[in-house]
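Note that the chains take the letters A, B, C and D in the order they are written out, and that residue 1 is the start of every chain.
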Amino acid sequence: MKQTVFEIIEPDRKNFLPSRIFDCAISTLIVLSVSVVFATTFELPPAVLDVFTWIERVASVVFTIEYALRIWTADLKYSDVSPVRARLFYVVSGMAIIDLLAILPFWLPMFLPGSLLGVRAIRLVRLLRILKMHRYSEAMASIGDVISEKRREILGSFFFVGLLMLVSSLVIYAAEHDAQPEAFKNAFSGLWWAVATLSTVGYGDIYPVTVIGRIFGAVLALLGVAAVAVPTGIISSGLIERVSSKNTVGPKISYCPHCGKRICS
Amino acid sequence: MKQTVFEIIEPDRKNFLPSRIFDCAISTLIVLSVSVVFATTFELPPAVLDVFTWIERVASVVFTIEYALRIWTADLKYSDVSPVRARLFYVVSGMAIIDLLAILPFWLPMFLPGSLLGVRAIRLVRLLRILKMHRYSEAMASIGDVISEKRREILGSFFFVGLLMLVSSLVIYAAEHDAQPEAFKNAFSGLWWAVATLSTVGYGDIYPVTVIGRIFGAVLALLGVAAVAVPTGIISSGLIERVSSKNTVGPKISYCPHCGKRICS
Amino acid sequence: MKQTVFEIIEPDRKNFLPSRIFDCAISTLIVLSVSVVFATTFELPPAVLDVFTWIERVASVVFTIEYALRIWTADLKYSDVSPVRARLFYVVSGMAIIDLLAILPFWLPMFLPGSLLGVRAIRLVRLLRILKMHRYSEAMASIGDVISEKRREILGSFFFVGLLMLVSSLVIYAAEHDAQPEAFKNAFSGLWWAVATLSTVGYGDIYPVTVIGRIFGAVLALLGVAAVAVPTGIISSGLIERVSSKNTVGPKISYCPHCGKRICS
Amino acid sequence: MKQTVFEIIEPDRKNFLPSRIFDCAISTLIVLSVSVVFATTFELPPAVLDVFTWIERVASVVFTIEYALRIWTADLKYSDVSPVRARLFYVVSGMAIIDLLAILPFWLPMFLPGSLLGVRAIRLVRLLRILKMHRYSEAMASIGDVISEKRREILGSFFFVGLLMLVSSLVIYAAEHDAQPEAFKNAFSGLWWAVATLSTVGYGDIYPVTVIGRIFGAVLALLGVAAVAVPTGIISSGLIERVSSKNTVGPKISYCPHCGKRICS
């Protein structure tokens, strides 16, 4: 029976009908429960709110049962370790933490403050599970692989950008604080401006007005173009590398022109 | 006679003069009729409006006749199916739907609301037909092919961006609603902010002011850089793949010009 | 003597000292004269303005003499055609038109309106000549080649973006005109908003406030990401193609493994 | 003893424990001292400020001693030149100038004006040293190599962008000065607008309102897309070249494992 339950709740079993029904039901419940989180930010009549509260309750209970079942069947998932370690492995895995965060706000309202929208929003991340069931998974995996392969280059370039932001925040604070004491109140305001400029978002809530500040702002805006260019270049080159290495797998098998034997290079 | 009509109204017959004249006339009428749509948003003297109404009427009637002729000659276009199915094939094709939408607002003013600018704007899409007649078609086809080949990766990355936007809208609403109840009125306002930030547009109509909101905004702005980088990388790599596969497919199997034997390089 | 003058005024003669001195003098005069154009937009004391007027006069006279000399020596530049055609060739060349536009505002103040800053700004384009003398020319030429090779793809994608802008301007006008009659006064305002959104500049002077307008704005902002991605991908792939074709020039010459003769493929 | 001191203060000696401890201590002190610079821009109680002043003093003295030790041991670093030249080599090297700028504001408060935040921010650049000690160094070096290899193309494209900005600033000043004398006060305001537009930051503090200004603004915004595309393409192609040349240099000339003869593929 444990085996059957495991087969049902495990995603990615396309040929097993109960598993597909279970996947659909859970996905629908995720979408519903997320819609409820969204809807509660609008002013609604009490009758509608009542319905939403009930959806929320049902979803939370179902998600909790699902979580418990996953812990119970974890020894089938990680069958090569002891049952206790298998459960521990599962509990600390990324998806399980998200699942736990998705049910926690319902069971612990007394420990967690306020409306908890931020935490409840985590429930959305569960939608990623839907991706697993679809044909997008291969395409996504290839992008994920590239990002993970190039993570050092990407993190390294973000480290540089971060450093540049910190330096910029101090420079712009020094340049603009006297002219705009309200806008550039402290280095944190400068940092917010540097982020908006380097990412080329440019909200326009704070911007330099002095000559020195504007010259520095111009330099930073142009460096922002480079800040976009570098990660793009890294991801492009990673994707191309993948493709070109895949392409050359085929023709790698060739025959020696001298003796005619096959060469696997 | 049907054959002649078909030859005339079908684009892409460069050597057949009447077809080219017809193409030019229709293109001119599209441009004129679109200009009229544009012009009616300005305040104009009644005399000018009268002229515009007449251009609109002529264009609509001509487009309707053209649409009818295309349905009539559809059996020549899809000659391998029965005449009825050929017409059905044509009616549900993308270009035919656009053509229908372009004439509908004129014939059905009583069924459609208001000024219908949005629907009438669809007439512009007909301008794409002009592209077909020109040498840009090959270059465009290659970009279109890449986008269609990589549609899973592109849609997948937009799915991720969409998910990120939904999560962000709830997080920013939770962080900013108390500080700016007017700007961050509900989750929809948060979504609008998330779109403006992740796409690096940054209108600056709403932006975070609290410390938590700004920290989250900074993270999202930097993720926006990645959101630009990933589709760019996908399209770049797709275009390069095309070129490199074109370059290498041919010369892979060749024959020695001296002894005629096959060389696998 | 004509030959000597030609050698002096022709750029790119690095081994001929008078030519280099002439290049430096002209470049300095261009920078000076452009600085004057810049400076005249500031409020300055009359004494300074007098100096600027004199710099302007000297520069204009020198540029005029230079232009006359270039026409005079054009038959040495295009030595394979008749002297008259050579001069005509020169006069209609891009650089000569820029040179003419750079001196015209000085000699024709009575025919041209106002301060003519826009036309005088063309003088800056002459600075491009400086590039010719430097080692940057090869690097720049390679980018220029890629842009010119891929001009159809680039123009084609800008044509699509242009079409999208026109459609968007009508849609947003229809969606927002009633809510913000001042901001979205006519389709031209809508076009200005569409440009700012699709290019991800996002000034924030006009933006949608209605639900339909914001949904459409969100879609357009995400398409703006694609509008950046496509030309970037085209240029990347063009640059990579160039490099990879250059790299493979070497190994193209190979020897037949059967008969040992050289194969030029 | 000098040799031991050199071994300790030189980064990148992973197997030598005292060197690693020294690296950690210095890095901690840099982070602390930078945090102090940040913190001083906030309004703080005097007691906290006192602590910060002491951290600042300790950090400055330690950095000064470190700087002196590096000069002292410079002859071991550059062992192939005379001791005097070795010290000179070190003093004018990039990292040493940053080190000097990091301690100068503490020792020369009487010569340097104001709060010196901008100069003190340079201390952050010292954090780059941390990178040296980590596994990111290889990934970063490859990006650095590409940027340095392609510096002519990158600088060249920024030269073009700069020229375009100067021309644009004059054009937009001419178009907008009469309509918005406050916003477009002089050519410098125009330049600030051109930077914000071409880099697609778009703060929205100044923007064109006239028809001519908006048409020109639209053109510039679209050119801004190209201004982002070109450096991205250069960096992408540079990174790919690196990878493909690494991949292909090796296998080009190989030997048949069966008969031992050389194969040119």
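Side notes on the structure shown:
In this text, a contact is a pair of C-beta atoms (placed from the backbone, for glycine too) under 8 Å apart; a residue touches a chain by one contact, two chains touch by 3 or more.
Because the structure is predicted, anything quoted here is derived from the model rather than measured.
Two copies of one chain, chain A and chain B, form a contact in which under half of the residue numbers belong to both partners. With A-C and C-D as the two chain pairs, more C-beta contacts join C-D.
The two copies, chain A and chain D, are related by a rotation of 90°, based on C-alpha atoms and rounded to the nearest 5. The most distant chain from chain C is A, comparing centres defined as mean Cα coordinates. Distance between chain C and chain D, defined via averaged C-alpha coordinates, is recorded as 29 Å.
Centroids of chain A and chain C (each the mean of its C-alpha atoms) stand 41 Å apart.
Residues of chain A in contact with at least two other chains: 188, 196, 200-204, 228, 232-234, 236, 240, 244, 254, 257-258. If touching chains are joined by edges, the resulting network of the protein chains shown connects every chain directly with every other. Taken in their complex, chain D has these residues touching chain B: 200-204, 232-233, 236, 240, 265.
Partner chain D is touched in their complex by these residues of chain C: 34, 37-38, 41-42, 114-118, 120-122, 124-125, 127-128, 131, 135-136, 138-140, 142-143, 146, 158, 161, 188, 191-192, 195-196, 199-205, 227-228, 231-232, 234-236, 238-240, 242-244, 247, 251, 254-255, 257.
Listing the residues of chain C that touch chain B in their complex gives 152-153, 155-157, 159-160, 163, 166-167, 169-171, 173-175, 177, 186-188, 190, 196-197, 200-204, 207, 211, 214, 217-218, 221-222, 224-226, 228-230, 232-234, 236-237, 240-241, 244-245, 254, 256-259, 261, 263, 265.
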